[in-house]
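Here chain A shows up in two complexes: once beside chain B, once beside chain C.
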Partner chain A sequence: MDFWKENKTHIYWNPYFGGFMLGLLLIATFYITGRGLGATGGTKSAVITTVDKVAPGYAKESSYYSKYYDEEKNPMNNWLVFETIGMIAGAFLSGALSGRVKFRVQHPPHISSNKRLIYASIGGLLFGFGSQFARGCTSGAALSGSAVLSLGGFITMAGIFGTAYIVAYFFRKMWIN
Partner chain B sequence: MGPLTYFGEISTEWNYVIAIFIGMAFGYIMEASGFSSSRKLIGVFYGYDFAVIRVFITATLVAIIGLLYMGYFGWIDYSVLFVHPTFIFSATIGGIIMGFGFIIGGFCPGTSLCALAIGKLDGWVFTIALFIGIFIYSLVFPLIKPYYNMGDMGHITISEYLNMSNAWFTFWFAIIAVAIFYVTSVIRKKVKEVRY
Partner chain C sequence: MKEEIFISGRNLPHIDPHLELWHWPISLYLFLGGLAAGILFFAALVVLFRKEDKYIGAVKYATIIAPIAIGVGLLALLYDLSHVWYAWRLYVTIRLESPMSWGAWTLMLVMPVSMLWTLSYFKEYFPKWNWDFGFLSYFDWIIDFVIYHRRVLAWILVPSTILLGIYTGILLSAFNARPLWNNSILGPLFLTSGLSTGAATIILMSKSHAERRMFSMIDLVLIGIELFLIIHMLMGMLAGSQVQHEASLLLLGGEFTVSFWVFVIILGLAFPAILEIFELVGFKVPAIIPALLVLLGGIMFRFIMVEAGQLTRYLY
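Let's look at the complex of A and B:
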């Protein structure tokens, strides 16, 4: 069992196969719901719910949350929230089947785990902010937008990957020797 | 004819059940492709692992072609599919901010959820920071609202913008995709291998 696990932890799908499956899933999602996939939408609902619990009434007043806030409806009662719960379960299943489930910090050998966690938190803050400004993240705007040829989807895709490529040189010490 | 929920062929309750299964498939595919590893994801920017761009472009191409064909065959009403609206300014600036987030944090929101699911603490931290980032955005939203709505072009597609037919745009996109696949495989062979 251990032998089997040891040998499977770094075996991933062929990227073209993974891409093909993801493409089929996007088609199925559009066929069923008329919209694409998303990853930040569910997170946003969770933020709104938290804010509403901590400071009742604030979400309704806030000029940003009020767009998504509906007195009749719990913000967690949202398609993307259910999808996000499924995502975590699905990723866990895949990881468990390949023996990758383990509490750890993954970092390059020359970077300490504390540093890695600091970088991850800065990246998360920027991504959270940017995804709201661009009306979607890599999944919701770039991937699902591009699937139906949205101009904004392609622009956001170029923005994310283009910027990361341009600035990669300055951040190389975080990732490679 | 699809979209099924649009034409009322699926009720809201079932739609939520389906959402969980679609999410599971999404999470499974990403994790199985190695997207729960920040070092694998970031390899795309340093040339030692191009999985991200291969998965991403293949998925986009398959979805574009598949949906167009389903439209031609009359299996789906292409005109009612949700086209992500284009706000030229916020799409560009938001993309740039996310680009910095990607190279510094090593994840994007979907992949950080995959990392979180298999117990990676960097994924947990990224996701918590994501929550805080969204919260900060909501606090400053009144100040940046005019920029958020700047350059509204509506639900425009890239083929409309370039004045091409969908089919021709897809044809050229497929050519570019194959070129990218080839160039990345050449670069991959030249870059020193990174073990992770």
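Let's look at the complex of A and C:
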């Protein structure tokens, strides 16, 4: 216990090891649930529920929302929503185990917290749009898709990481001096 | 014409085949009643053990919530009544065979005592007030009197809060036509859940590390008892007659399975228990998270039991 406290205040896994474990997790997910992982699907359910509450009937009419809308079923009653709850709970446990649970905004020293939050929001928005064009995010389309050898999955993977590689060049000043 | 339906004896709207009379105010009241009982029980116990100085959050701060919780709960009950102005009739009779009568009289005792309890700490909440000044001086001697007799209040509260907590469950289990409710474990189960949410509230209101630690341990034991009772309730139903068996299936594969297992068992009991164990072992977990989860689990448990119980029925 004391060993952890003294030596492992910031324990990050080796990224390659983390990726390997993520692959094992994906195999386990396919074995247990018969599906892959998904991260944005839960948010989509929350959005559709909100739209349906604010503008009743609109979700049913809209060509996009109606695909995920079923009048008899609450959109929140979706395995992805519960997967997301589990993800938050699990991440919290893992953070607590490595002593990293506290309220904070992580940012490089030459950027303010507000700036970091604004850029993060913009990035999140773009990613949200992109994930809906691709019909899945890094987890749902790229990871789970390529795991079952779906061509769309590989293209999404190449698209996400290829674009990130190019765009990172222009935004690198935000992170490194 | 539909005479053949009218004369069948089964035309009982909102009662047969399913009860459709108890809505969210009842669940909210059962939760708040249990919560207040839990808080006051621990506060009284602390005073009786003469540990007031060590567990200030329990005796002084969490207890402010108790009369407010009972008050809001009772307002919710009144809101749910069809004939609000007949509510006073509960207090012109004592019916030992009716759990509702027991509850009404228990509340009649607990509510004023909980208010007196908060009154006894009034001077400590507002230490800068000049109590010799103007109209305040009339209250001064009352407060001093209550402070002097705080142990008497504690002796009254210990049995009466247990009665209050257990009555919230027995109120449901007395419905002999609703198999999900009609079991003798529901009373102790609701009492345990109420004590657990009470302990969680004390953790939320406490500023001292030692106190949070103590009540985390208490909460952990209570969560264990609660899981034990839930398992035995379900086992008893599965081993029971066809109606009990079908009632339990609502929570084991039916309509309420996901909400019950995800929000009550996993997020409301097991996950906070793990977090509390982490905390006790020495990992840094903000005490507020498991406490809020226990409260969430408690409120979800009341809503699910009230909703699901109304759907279950005898087959005839």
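Rule of thumb we're sticking to: the second predicted complex is superposed on the first by the 168 of 177 C-alpha atoms of A that agree within 3 Å, B and C clash if a C-alpha of one lies under 4 Å from a C-alpha of the other, contacts with A are read in each partner's own complex, and residues count from 1 in each chain.
The criterion applied here is as follows: contacts are C-beta pairs under 8 Å (C-beta built on N, C-alpha and C of every residue); 3 or more make two chains touch, one makes a residue touch a chain.
Because the structure is a prediction, the values reported are computed rather than measured.
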Q: Look at where chain B and chain C land on chain A after superposing the complexes, then choose clash or fit.
A: fit
Q: Answer with first, second, both or neither: which of chain B and chain C does A:S63 touch in the superposed model?
A: first
Q: Check the residue A:Y31 against both partner chains and state whether it touches chain B (first), chain C (second), both, or neither.
A: first
Q. In the superposed arrangement, does A:S150 touch chain B (first), chain C (second), both or neither?
A. first
Q: Once the structures are superposed on A, label A:F92 by its partner contacts, choosing first (chain B), second (chain C), both or neither.
A: both
Q | Touching partner for A:M76 - first (chain B), second (chain C), both, neither | A | neither
Q: Would you check which partner chain A:S139 touches, where first means chain B only, second means chain C only, and both and neither mean what they say?
A: first
Q | chain A residues touched by each partner, larger count belonging to chain B or chain C | A | B
Q | Smallest distance from any CA atom of chain C to any CA atom of chain B, in Å, after fitting | A | 5
Q: State which residues of chain A lie in both footprints, the one left by chain B and the one left by chain C.
A: 82, 85, 89, 92-93, 96, 101-102
Q: Flag every residue of chain A that touches chain C in the complex, lowest number first.
A: 1, 5, 77, 82, 85, 89, 92-93, 96-97, 99, 101-102
Q) Which bits of chain A are touching chain B when the two form their complex? A) 12-13, 15-16, 18-37, 39-40, 43-44, 46-47, 50-51, 62-65, 79-80, 82-96, 98, 100-108, 113, 116-117, 119-168, 171-172, 174-176
**Q.** Of chain C, residues touching chain A in the complex
**A.** 258, 262, 266-267, 271, 274-275, 278, 281-286, 289
Q) Which part of chain B faces chain A closely enough to touch in the complex? A) 2-6, 10, 15-34, 36-40, 42, 45-46, 48, 50-51, 53-64, 66-67, 70, 75-76, 80-88, 90-110, 112-123, 125-138, 141-142, 144-145, 147-148, 153, 155-161, 166, 169-170, 194, 196
